[in-house]
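Some structures are shown below for you to check.
Consider the two complexes below, in which chain A is the common component and chain B and chain C are the respective partners.
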Partner chain A sequence: MDFLTVFTQPQLLLLVGLGTFAGIYVGAIPGLSVTMAVSILISFTFSWDVYPAISLMIGIYMGGVYGGSRTAILLNIPGAPSAIATALDGYPMARRGEAGTAIGVTTVMSFIGGFVGIAVLALAAPLVSDFALTFQPRDYMLLAVLGILLVGSLSQGSLVKGIFAGALGIAIGAVGRDPLTFTERFTFDISLMQGGISFIAVMIGMFGVSEALIQLHHVDKAAVRQKITRIVPSLATVRKHLPLSLQTSTIGVAIGALPGTGGDIAALMAYDHAKRVTKNPERPFGDGAMEGLVAPETANNAAVGGAFIPMMTLGIPGDAVTAIMIGALFIHGLNPGPMLMIDKPDMFWFIVGALVTANFFILIFGLTGIRLFTKLVEMPRSVLIPLIMLLSIVGAYAVNNSITDVYWMLGFGLFGYFMRHYGYPLGPVILGVILSRLLDDNWRRAIISEREDFWRFMEGVLTSPLSLVLFVSVVLIFVSQTPVWTWGKALLSGRPHKVSGNEQHD
Partner chain B sequence: MQHIDPEHHDGTSDATPGGDETCRRPGELAFAALMLLASLGLLWSAYGISGFEALSSPGTVPMATTLVMVVAALIVVVKTALQPKTTTETLAKDILPGIVIIFAAMLVAYGFLLKPLGFIPTSALFLTASIKILAKRSWAWTLLVSLGSLVVIWLIFRIVFTVLMPVGIVPEAEVIQFFRNLLNGAGT
Partner chain C sequence: MKKFVLGAVSALVFATTAAVAADYPSKEIQGIIQWGAGGSTDTVMRSVTPHAEEALGGTIVMQNMTGGVGAIALNNVAGQPADGYTLLMGAENPLLYKVMGLGDKDYSDFIPVTLLARGTPILVANKDAPFDDYDGMMAYIKENPGELRVGATGPGGLPSVITAMMNTVEGELDVISVPYDGDGPALTALQGGAIDVMPAVLGAAIEGIRAGNMKPLAIFDVAKNEKLPDVPLVTSFNDGYNTYLPWGPFFGVFVVKGTPDDVVAKLSKAYAEGAKNEEFVELMDNRGFKMMGISGAEAEDFLAKWQQGTTWLLQDAGLTKASPEEFGIKRPSE
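The block that comes next holds the complex of A and B.
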C-alpha cells in the first residue's frame, strides 16, 4: 500500500510533478545538469520530511534523463550525457522538419523504458536485498571499488584519470576523525577539519560552480528559438517499435543496475544493439532512423529504475545521481542497504510509487508543455550563470549554516573547473566520497574477521563465488588498460564525434 | 544553428567530456605535476595516521588510496609530458580567460561578505555586478533582472524551503514580522 502514498497525497503528487517539470527543463539546457540540480536541492530540502524531499528529487532525476533528448534532437547538443546517442538520429530527423515527430516518439519511448525499469526495480530489488544479506564485508568492499572503477573507466576520458579521481574521492571522504577509533585523518591539526568535509559542499562545488565557470566560456552563444509541429505519435508507430523498445529497455535496466554505470552507457549500448538487430530501417542509421531514437531513449530511462536497484539494496549507487540520492537519505537519517529494505520497506515502495508518478508526468509534460519549454529554454546564459552561482552558495551554506562549507564548496568548484579542462571525470570523485566510509568500514571488518591475515583474506575472496566474481571484475578493469580496451572505447566514443564532425561540413 | 565548438575541450555540460586525449593543453602538465605533489603530500600524511601498525588500523585505507593516487598521478604526468603540445590554445584564452578569473574573485568576495553584510545585500551586489558584466545591457534592465530574481529566490528559499541565511545588516525578522502583522491585521 505504501506504493500508493504518492497518489493519495496531493502535496507529494504536486512535488513530483514540479520536480519532473524542473528536471525536463534542467535536462534540456546544456550546462544545467541533473547532478547539479539534485546536489543543490539536497541542501534546500534537508529540513523537509523525507517523503517530500525524495519526491522532488526523483521528479528531477526522471525528468532530467528525458529532458536531455530535447536539445539533442533540436540542436544536436545533448543536454545530458544520456542523450548523446539520441542526437545521432534525432538531429537528422529535426533537420528534415520532423522535430515534432522525433520528440513525440522520444517521449512515448522514454515512458515505456521508464516503466520497464521501474517494474524490474519493484520485482528484483526485494530479491536482491535478500541475497545481499548473505554478502560478506569483503563483498561490499569489492563492490564499492568496482563501482568507483566503473564510473571512472566507462564514463569519459582516460581510465588513469578516473582512478585518480575515485581515489581522491575516497581520500576526501576519509578527512576528519575516524568514526571507529577517533584518530584524526588528513586534518593537518586544523580544528575545522576534524568534522570532515561536507560531501554536499564537494558535490555542489564540483557540479554547480565548476559547471557555471565553464559556461562562462560560452556566454555569448545566443539562446535558440525552436519551432515544433505535430508531436503525438501514431499508435501504429509505437506498436511497430514496441519489440525493439522492450529489448533496449532490458539492456537499459541491466546496465543501470551495474554499480557505477548509468544511462549514458546504457543508451550507447542500446543504440549499438538497435543497429545490429534492425535489418531494414526506413532510413539508414545516423540519417534519421526512428530505431536510432527508440533504442537510446528507452534504455536511458530504463536505466533509472536499474540504478535504484544497487542503491536501495546494497547502498551502492548506480550512477552519480543515485550517489547524491544516497547522500540525501543519509541526511534524513536513513542508511540505504539491505537493512533499509527490511526495516523500512515503505521507503522502498514509496520511491517506486514516486518513480511511476514521475514517469506519467514525463508523458504529460512531454506531449503538452512544448510552448512553455520553448520560452524557458530561451533564458539567456548571462542571467543563468550568476543564478547558478548564487544557488550554489546558498545551498552550500544552508546545510550546516556554516560559512566554512561555502569556502570548501568554492574551493572544490575551482578545482573541478580545472579537472574538467584537463579531462579528469568528476563522477568518480563523488562516488568515492559517498562510498569512502562503506569501503573503509568493510575493509576493516573483513580483515579483523580474518585475524589481520591478508592471505587468509585473499583465500576468502578466492573461494567464495560472489567475491571471486567481483574480484575478477575489478582485475579485468585494470587489465583493460591494454590496447584492446582503447580500441573498444574508440569504437564507443568515436561515434558521437564523427557525427558532430560531419556537421561541420554542412 | 549553434554547436558546441569541438575545438573547445572544456567539458561543457557533463555530456561532452573535457580534456584532449591527443595533445597537451596549456597548463595541463603543471596541473598534473601539482596533483602528483599533492598526492605525495597526502600519502605522507596518511602514513602519519597510524603507519604500518595493523591492516585494520585507521590509516590503512587512506594509505592505500593515496598510494593509488600517487601512482595514477605519476602515470598521468608521464603521459602528459609525452604528448605534443597543443598549437591552437593558450592559457589566457582557453583555460583561464579574464572573465573566469573575475568571477572566481567575485565568488570568493561573496563568501567573505556573506556573514558580515548579510544574504540580501551581498546577493544583490553579486547578481547586479555579474549580470551587468555578462549581459552588457542597460543599468535599468540589469537592476530589474537581478533584484527581481533575488526577490523570487529569497521568497522561495526563505518561505518554501525555510532556509535561514545570514541576515547581516538587514533586519529580516522584523520585516517578516511586519508583513505578518499586516496580514493578520487585514484578516481580522
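The block that comes next holds the complex of A and C.
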C-alpha cells in the first residue's frame, strides 16, 4: 500500500515533520511565503529521490498554510494572504489575553480542514476535477463578483469606507501591463510600474508596517499578559463548531480545486459564510468570535487538498505552490498530467499519505511550543516594533528580490496607517487586490468569447446551470445580505439611516 | 533600515565588479530566470544548471525574476557588470520586445552562452470539437465564421505567432481569439470547453493528448515528431507553411555583451557538457523539446534569423506596435 510508504520509512517521516515544522515558521513570517520556500527547495532537492523531495515540500506547504495564522493572531499581521480573515477575530482574542485558546482552536480546526481536503482528494479527485473544469470564464467572473460582495462582512463598521477600500484594492490590482493585451495601465510611463504592484508588498505594508506604527501609540504601555491555561480546546467546543467547520472545509476544497483561485479567497469566503450562518456568536464577529477563527482556518487548510486535485488528476496546478510542485515532478522525471494517476498511481497515494502525515504534524507542533510563541506578544513594544519593521522589509524584498517592492511596502504601510486612523478597513483593500485580476481577466474573456455581445453573454449565464446558480447567489447576497438593502429601504421611506461610523481602532 | 538594505545591495554590486576573469568562477554566479517557478523555462534551467555547475566547478544560484513578459529580468541583468557573474536564463520572447513596445533592450545586448533546446508548436482541439483534423477545422471556420474560439496568450506569445502564420498562409480566418495568462491556463480552458482550439508548445499538450483529453490537429514542423508519430504535419495540409517552418520557442542562457571571451567560452563549455546529461536529455525528450546545444556565431545567427522571421510575420499580421524596420531588422530574404 503506497499510502503507507511515508509511515513505514522513518526518513520520509522525518522529512515531512521537518518540512511541517519549518513551514509553520516560514508561514508565520510575513513575506516569507510557502511559494518561495518550495521553489528554493526545487534546487535544493534536485539530486534527491523524488519521494524525499516531495515529502519535504508537502510538509512545508501544509505547515506554511497553517503557520500564517500565528502572526495573524498574535500580532495582527497575517503571515500569508490566506490568514487575513484569521486576524479579524484572532487578534481581538489575543488582546484579551486568550492567544493560547485562539491558537489551540486554530490548530485543531486547521487539522479538521486539512483532513477534509485530503479526504476529498483521496476519494473524489476525478469527480472534483471534472467539476472544476466546467468553470467557464463567466463563472470565474461571477465567483469574483461573489467575492467582492464580501466587502460587506470585512468592513467592520462603515460600509461606505469598506467599498472605498475595496475599490482602491481593485485599482491597485489593475496597475501594470495588462496581461491579456500588454497595454500599460496606470504606469505613468515609469518602467518600474510595468510589472504591477506586488500584492504581497501591499499586504505586508498594510498589515505589518501599519500595525507597527499603530503600536507606536502605546509604546509605553505594558503588553497584555497571556493566560495559557487551556490550549487544547475542549471536546464540547470542537463538537459545537463541527457543523460550521465541515461547511467551511467544503468551501475550502472547492475553491482550492479551482485553478486560479486558492486558500486566500477560500478563507475570506468561509469567513463571510460563518458570519451569515452563525446566528448567535458568543461574541460579535470582529471582537473575538470563535467562529471567525474556525471558518478561515478550516477553509485554507482544506484548500491544500483541493489544490492537489487538479494537479494529480490533470497536471493542472490548483494554486501557485502546486504549480511549482508540478515543475518539481518534471525535474524528477515524472510527467504530471492526466496519465500520472494511471501510469504512476503510487505517486498519488504517496502524496495523500504525506499530506495526512503533515496534517498530524500540524497538530503536534501546533499544540506545543505555544508558550514560546505567546511570549512574542508579551515582548516589550520597544523590541517588538523594530522587529516587525525588520521582518516586513526583509519579507517585501524577498518576494521578488526587488528594492522597489520595499518602497511600495513602506508606502502602503504609511497609507494603511492613515486608513486605520480614519477608520477605513484594510481587509477589503487586500480583497480587491486579490480579486482584481480574476474579475477583470475573466469578464473580458467571457465577453470576448461571446463576440462582445452582452445579450449572448447573459444568455450563456442564464442557460448554464452552474452560471445560473452563481448568478442567483450573487443577486441574492447582494439584495438580502448587504446593508445596502436596508440602507436603501430606509432612504426610500424617508428616514435617514445612520451608518455607524465610530469604530474603535487601537 | 533603508540604508542597510541599500548598503547591502551596493556592496554586492562592488563585489561583483571586482572579480577577475582568469580564475573564473571565483565566487557564486547568479542565474536570473525570466519566468516564474514551475514554468517551462524554470524547469529547463533548474534541470540543466546543476549539471553545468559540475562541469564548471562553480556555484550558480538561480532565482526567478518575473514581470513584464520577462523584460524586468532582462533589464536587470543588462544593468549588471559584464563579468559573467550574472546569467540571464530566458526564452525567445525578448526578441520581440522592440516591435511589441515592451522595451528597448533584447538579446542583441547579450552574448548567447548556449541555446539549449527548441519547442515544437502543435494545434490541439477540445475533445468534443466538431472536427478531427486541420482540414475539418478550416471547413468549420468557413461554414461558421466568427464562432471558433482560439486560445491566445497575448501579443508575441506562441499562439499569436502561429495564428499570424495561419492567417498569412490560409488567408484571414474569422475566429475569436480569447487571451489567457499562459499556455497552462489556456489548455485548462480548452479541456473545459471555454475555447475550442489552442496552438501550444508540444510539451505542454502531450500528456493531455496521451490521455485523450484533447485532440491533436496538426504539428507545426517540417519533420514528423517521434513522440506523436500519428499526428500529421501542417505542411501536409498546406505547403505554404514551409516558408515559415521550422519555427518554435527556445530556451537559452545569456551574459551581457562585453563579457570576456574566455569567461563566455568557459560557460558555454560547461552548459554544453551539462546539456549532455542523460537525465536532462530524457526530461527534454519527454516534454517534446528538440535539443539544440549551440553557441557562438551559430547561436547569434539563429537568433538573428528567428527575430527576422517572427517580427516580420507579426508585422504583416498587424500585431506589432512598431515596425521591425525601425530597429534595423531586415525582412527575411526568401
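FYI, the second predicted complex is superposed on the first by the 266 of 506 C-alpha atoms of A that agree within 3 Å, B and C clash if a C-alpha of one lies under 4 Å from a C-alpha of the other, contacts with A are read in each partner's own complex, and residues count from 1 in each chain.
Here is the rule we use: a residue touches a chain if its C-beta (ideal position, glycine included) is under 8 Å from a C-beta of that chain, and two chains touch if they have at least 3 such contacts.
Model, not experiment: these values are computed from the prediction.
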Item to check | chain B or chain C, by number of chain A residues touched | outcome: B
Checklist entry - Which of the two partners, first being chain B and second being chain C, lies in contact with A:Val406: first, second, both, or neither? => result both
Checklist entry - After lining up the shared chain so the two structures overlap, which partner does A:Leu180 touch, if you call chain B first and chain C second: first, second, both or neither? => result both
Checklist entry - Touching A:Gly333 in the superposition: chain B (first), chain C (second), both, neither? => result second
Checklist entry - Touching A:Leu213 in the superposition: chain B (first), chain C (second), both, neither? => result first
Checklist entry - Of the two partner chains, chain B (first) and chain C (second), which one does A:Met389 touch, if any: first, second, both, or neither? => result both
Next on the checklist: Contacts for A:Thr35 in the overlay, against chain B (first) and chain C (second): which applies, first, second, both or neither?
Outcome noted: both
Next on the checklist: One more residue to check, A:Gln136. First (chain B), second (chain C), both or neither?
Outcome noted: second
Checklist entry - With the two structures laid over each other on chain A, which partner does A:Tyr397 touch: chain B (first), chain C (second), both, or neither? => result both
Next on the checklist: Tell me the contact category for A:Ile316 with respect to chain B and chain C: first, second, both or neither.
Outcome noted: second
Next on the checklist: Taking the stated contact definition, name every residue in chain A that is touched by chain B in one complex and by chain C in the other, in rising order.
Outcome noted: 35, 43, 47, 180-181, 389-390, 393, 397, 401, 403, 406, 410, 444, 448
Checklist entry - What residues of chain A sit close enough to touch chain C in their complex? => result 35, 38-39, 42-43, 46-47, 133-137, 176-177, 179-182, 191, 194-196, 259-260, 310, 314-317, 320, 323-328, 330-331, 333, 335-340, 342, 389-390, 393, 397, 400-403, 406, 410, 441, 444-445, 448-449, 451
Checklist outcome for this item: Per the touch rule, the chain B residues reaching chain A in their complex are 1-4, 6, 8-21, 25, 27-28, 31-32, 35, 39, 42, 45-46, 49-50, 54-62, 65-66, 68-69, 72-73, 75-76, 79, 94-95, 97, 99-100, 103-104, 107-108, 110-111, 114-115, 119, 123, 126-127, 130-131, 134-136, 145-146, 149, 153, 157, 161-166
Item to check | chain B-touching residues of chain A, taken from the complex the two chains share | outcome: 30-33, 35, 43-45, 47-48, 68, 75-81, 83-84, 156-158, 160-161, 163-164, 167-168, 170-171, 174, 178, 180-181, 183-186, 188, 207, 209, 211-219, 221-222, 224, 380-383, 385-387, 389-391, 393-394, 397-398, 401, 403, 406-407, 410, 413-414, 417-426, 436, 439-440, 443-444, 447-448, 452, 454, 493, 497, 500-501, 503-504
Checklist entry - Quick one: in the complex, what on chain C touches chain A? => result 1-2, 5-6, 9, 36-39, 42-43, 46-47, 50, 62-69, 71-72, 75, 100-103, 146, 149, 154-156, 176-181, 184-185, 187-189, 191-195, 206-208, 210-211, 213, 279, 282-283, 286-287
